[in-house]
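To keep things simple, chains are lettered A, B, C and D as they appear, and every chain counts its residues starting from 1.
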Amino acid sequence: MWDFPIWPEAASTVAPSVEALYLFIVALNIGMTALVFGLLVLFSVLYYRRADDQVPPQYHGSMLLEIGWTAIPTVICLIVFAWGVKVYAELVVPPADSMDVYIVGRQWMWKAQYPGGQREINALHAVLGKPVKLTITSEDVLHSFSIPAFRVKSDAVPGRYTTLWFQPTQAGVYHIFCTEYCGTEHSRMIGKITVMEEGDYQKWLSEKAELGDALQGRKLFAKLQCVTCHAGESQARAPSLEEIHMKRIPLSFDKGSPVAPGATVLADENYLRESIRYPSAKIAAGYQYPSIMPAYDESLVSEDEMFQLIAYIKSLKKGQTPTRNEHTTTPTALGAPAGRP
Amino acid sequence: MSLHPPAKAWTYWANFLALCVLTVVTWLTARMDLGALSTPVALGIAVIKAALVVLFFMHVWESTPLTKLVIGMSLFILTVLLTFLFTDYATRNYDVLPLDHAAAVSGKH
Amino acid sequence: MSTIITSAPALAPASKEPGQGGGVDYLNHETSIASWLLTLDHKRIGILYLVAMSAMFVLGGFYAGLIRAELITPKGDLMSSDFYNKSFTAHGVIMVFFVLIPLVPASLGNFMLPLMIGAKDVAFPRLNLISWYVYMIGAGFTLVALIGGGVDTGWTFYTPLSTTYLNSNVLLTATGLFILGFSSILTGLNFIVTIHRMRCPGMDWFRMPLFVWALYATSVIQLLGTPVIAITLALVGVERLLGVGIFDPRLGGDPILYQHLFWFYSHPAVYIMILPPLGVTNELISTFSRKPIFGYSMMAGASLAIAIFSFIVWAHHMFTSGLSPYAAMFFSLLTFSVAIPSGIKVFTWLATLFRGSISFDSPMLYAYGFIGLFTIGGMTGLFLSTLGTDIHFHDTYFVVAHFHYVMVGGAIVGFMGGLHFIWPKMFGRMYPEFLARMSAILIFVGFNLTFFPQFLVGYLGMPRRYHEYPDEFQVLNVFSTAGATVLGVGYLLPLLYLPWSVFFGEKAGRNPWGATTLDWTHTESPPTPHNFEETPVVTGEPYKYDTLFNKESALAGH
Amino acid sequence: MQVTEKKHAQEAHDDHGHGHELAHHFVSVEQQHDAGNLGMWMFLTTEVLFFGGLFAAYTIYRYKFEKVFEQASNILDPMLGAINTIVLIFSSVTMAFAVRSAQQGKSKAIVAWLGATIVFGALFLGIKYGEWKHDARLHVFPTSDFNWTWAREKHAEGEHGHGHDSHGPELKGFVFNSPVVPANYIESDSRNPEAKQAKLFFFLYFSMTSLHALHMIIGFGVMAVIMVYAWYGYYTPHYYVPVESVGLYWHFVDLVWIFLFPLLYLLGAHLGAGH
């Protein structure tokens, strides 16, 4: 029974940097605690009360000392803070070449979608040494996606995307926990992440081969008639979506639009999502407010489908937008209040 | 021989007139479209009106420094609440840190 | 009747033997039940709080016991996960809102504050009594909610879980806490006015005992922070009633805004809990080492600094919540600003002990325990204020261990020290010293045994609020539970011997510890209904042991 | 110093001479007055933060949904808001005079001025009640029967001179059981994210104004009690903390409204509401 672990595996590239910082602060802790306990014991031994009427010398303070034990901790704190920010930057900025995996949390399970369209519940597979970027959201309440062995964690917030990334450095199977209390079965909202060699991974993928996310997104793109306005050739009614991902979009600031003049927005997953759920939120320059595009809420585009659409939009290269055929009818802007001029 | 000598009556009436005028002014300014300025103007006038009430109706004009400190303290904390909230909301749509991962790892940014 | 002038309070009008001064004290001048329930005497109200909070503490402890028992085994075999969730919610709500926040100010503070500044009572005695009744009403609502049906939101009531997805008694609990908030506000208001307006002649700001400074800083937080949580809980309630989505993303709201508003109060609340025990510890360290507090003004300043800083660091509870990274860095930096004054306090106590004349009466043992545990609790806070490490530790048992070191190891142990210190003044009786020392040691040992393993299991990644957990975490959890039983015994002892001592303990003199503040030198034990026969005039600093140290007063009652 | 102390000490003991003017635990009437005054200010700081929570929520959502908030605010009638502002300010003046009479020890005058204050406060609430009634017709109460599409339409018509209440089905009750709007409106709302945002604005509008109104009603109660005491000459130039305190409280209520008026009513005034 004495062989219980007290040290989690460090199985990702960021883990060692977190580890180093952790050890530094541990050292600070031990140092300070030892100092305090040591002095307490020492003073008790040296200065215990010998006689009932013993009156010790009365010191009232020493400016030098007081400045000292204000200044030194301040400096140490600043060092720790700076180091912490450096590690944090590593934790939040994914490499450009990382593979996208989409995570949807719901009471009480984790759903994972791979670019290849493969789906998993409460499980995740990653390739040894290949960076993975998770885009996380939730269908109901707050959850938090945590992989202790990788030292990464991010809340799943309904209504928006959060991200985390990791690059596994040793094969194995590790815990996935939900660390944000999410209701009755919170402690059962756990899973396993399996880190495997490239080869095994490809084998595993091929076993559960599927129509890729992007392709399924393309179907949706046609089914929801996005193509009627977001056409490659004419941009009369809506901007083209080709290669829009991670571009800076200047926003329209006619009297209507709810953004400040001159504002731009980075077309990341969150922006693409918002523009589908609530088109009038941030309208690209040159198009007027309110948007003529209908708002697609959960009943029209589920979170899973949203990921497929976004995967498709991200995959759109120049001139790849499907051409519209005459039969496709324009979706009417149900979202626009009837009373609007 | 009261604890505090009563203020002159006319100060109250003058104050009342000033407040009425400011109310009309703020309404008129609000009706013309000042764009981004409209809110600062409206709030600015509101602050002036509030100051008049506090200083003369609530007698802070001739009150002790302690009272002024108390007011200052509550306004300070209120400001902290409102402004520090914005450190989150105003920066949420920024691009995350250096977009170049290598820079982040090596810490050169 | 002439006014007493004291250069150093220590050479007070000698130490009268107990019973002298007419023998009429605030306990025996009227004894009917009504005289207690309708009393306007701050001393009696302090005791009313003490009784109420002890009951709440036992209840909260009971739930803690349930949780630890469940966690002995990895599988959820003792209770349903639903009941487990309700247990830790009840534990959290009761301990945080009904025990820790009012713990020291409402009981010890109420009793000592007027005595320490030479006042007959707090500024608004009626308000003082009202705030106790408000506390009881709030407690009533919450207990009905927690025991009749239960609440499974966790004490943080995070939305949208609490507003949309749960059908337990959230509304009733929110109401109870909303009401309770006003008890806290009224107490704070009363204390601030008392400290500003009721100080006896000569008791200028830098002659006040440091406990008073701590109470002052605490009251500022109570006054400015509590209303925000009140309105936030009201919004949660309204959202449940009307289905308006002010915190629900489906309805356009933002769940993170709830966290901001919640922590804007609940982080400063941590300092409502810890500042008064810090203040009490000053009294203990000074008295039992017969030294003035080293760097008095620095210490007083640190208390105020903590109170102000506590308002600008709240978002460090939200680093993984989807907070903007820039805000995360901003708040991480600010968070360190609280670490500094806390450190100052610890160093100051050590410097005070240096070359002192240290006696190890039970209050001093508690004070030692407090310093040790508070140091560990504070230092482990570094892991959580630092961005790089907090991402890993957030919402794991590491956090649980950290804030229990501060809240229990700090606040509760500090309170126990203060209680044992003030007990003879409260009831004019000594408690069995040996048992008191036993319980001090048991609590220290049991506490570490309970919560240190939780640092380790937290580092392994075991999340909070888990009903079931992977097998490899079991051993540490068993240690933790074992420690909890020791801790329980440690708490049980005072619950037995303190009430016993009220009736059978040996009589204490007016100043058994040889303390030098007005409350010890100028009042009987127990004090007379109006505290002071004549209004004292202070001309000296609070802690001064060198002039004519009065042996009898130090020994009276021993 | 000591001498004065001694005097006060005695004063404190035989305070029966002063009757109610000096409670036993105070040393002097000055101390008592200052304590009461400071206490009231402390309470007001709490109130500031109490409303502060709502203002914080308002600020954030106003920042996120600026445009819709302006349109929603445009539904409200700035004219009525302005009139109410003046009414409330005037009640502040009367209150100021009530405190003044207390300082001069004119008991009957206190009663008169407080009475005037209550009257104008009531007038304010009356106008507010009218507004809410109108809001109910527009279906902007943030409940299940909220409908943004309906509100905008009816409001637009109302602006074009048809008068407000001629349109929309007749009300059966005060607020919540106003008849259901046609299905297509509900459909169009359900598809329109801005409806949710507008609902947030009106939630904030109603919670802020009703909390404000609640404060006024509490104020009425306190004033009524004080009027009774004043009638029997309970307050003297030595002891008028209660009057002064309720005065501070009332001015604070006025302050809150001074900010609510621009934030809620004038936000969308420039959108050309032709009132």
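Methods note: a contact is a pair of C-beta atoms (placed from the backbone, for glycine too) under 8 Å apart; a residue touches a chain by one contact, two chains touch by 3 or more.
Bear in mind the structure is a predicted one, so any value in this text is a computation, not a measurement.
> What are the mutual neighbours of chain A and chain B in this structure?
C, D
> Check A-C against B-C and say which one is joined by more contacting C-beta pairs.
So, comparing the two chain pairs, more contacts are at A-C.
> Would you kindly tell me how far, in whole Å, the mean C-alpha position of chain C lies from that of chain B?
Comparing mean C-alpha positions, chain C is 35 Å from chain B.
> What whole-Å value do you get for the distance between chain B and chain D if each is reduced to the mean of its CA atoms?
Chain centroid spacing, chain B to chain D, equals 18 Å.
> What's the distance between the Cα centroids of chain A and chain D, rounded to whole Å?
Centres of chain A and chain D (C-alpha means) sit 43 Å apart.
> Check each residue of chain C and list the ones that touch at least two other chains.
196, 224, 228, 254, 256-257, 260, 325
> Name the residues of chain A that each touch 2 or more other chains.
86, 90, 92
> Please list all residues of chain B that touch 2 or more other chains.
Within chain B, residues 66, 73-74, 77, 81, 85, 89, 96-97 contact more than one other chain.
> In their shared complex, at which residues does chain A touch chain D?
Interface residues on chain A, with respect to chain D: 256-258, 277-278, 280-281, 289-290, 294-295, 297, 334-340.
> Using the touch definition up top, name the residues of chain D that touch chain A in the complex.
65-68, 148-149, 152-153, 156, 184-185, 187-189, 191-195
> Quick check: in the complex, which residue numbers of chain B touch chain C?
66, 73-74, 77, 80-81, 84-85, 87-89, 91-92, 94, 96-97
> In the complex, go through chain D and note every residue touching chain C.
Counting only chain D, the residues touching chain C are 1-2, 5-6, 8-9, 12, 24-25, 27, 31, 34-35, 38-39, 42-43, 45-47, 49-54, 56-57, 60-61, 64-65, 142-144, 193, 196-197, 199-200, 203-204, 207.
> Write out the stretch or stretches of chain B touching chain D in their complex.
1-7, 9, 12-13, 15-16, 19-20, 23-24, 26-27, 30-34, 38, 42-43, 45-46, 49-50, 53-54, 56-58, 66-67, 70-71, 73-75, 77-78, 81-82, 85-86, 89-90
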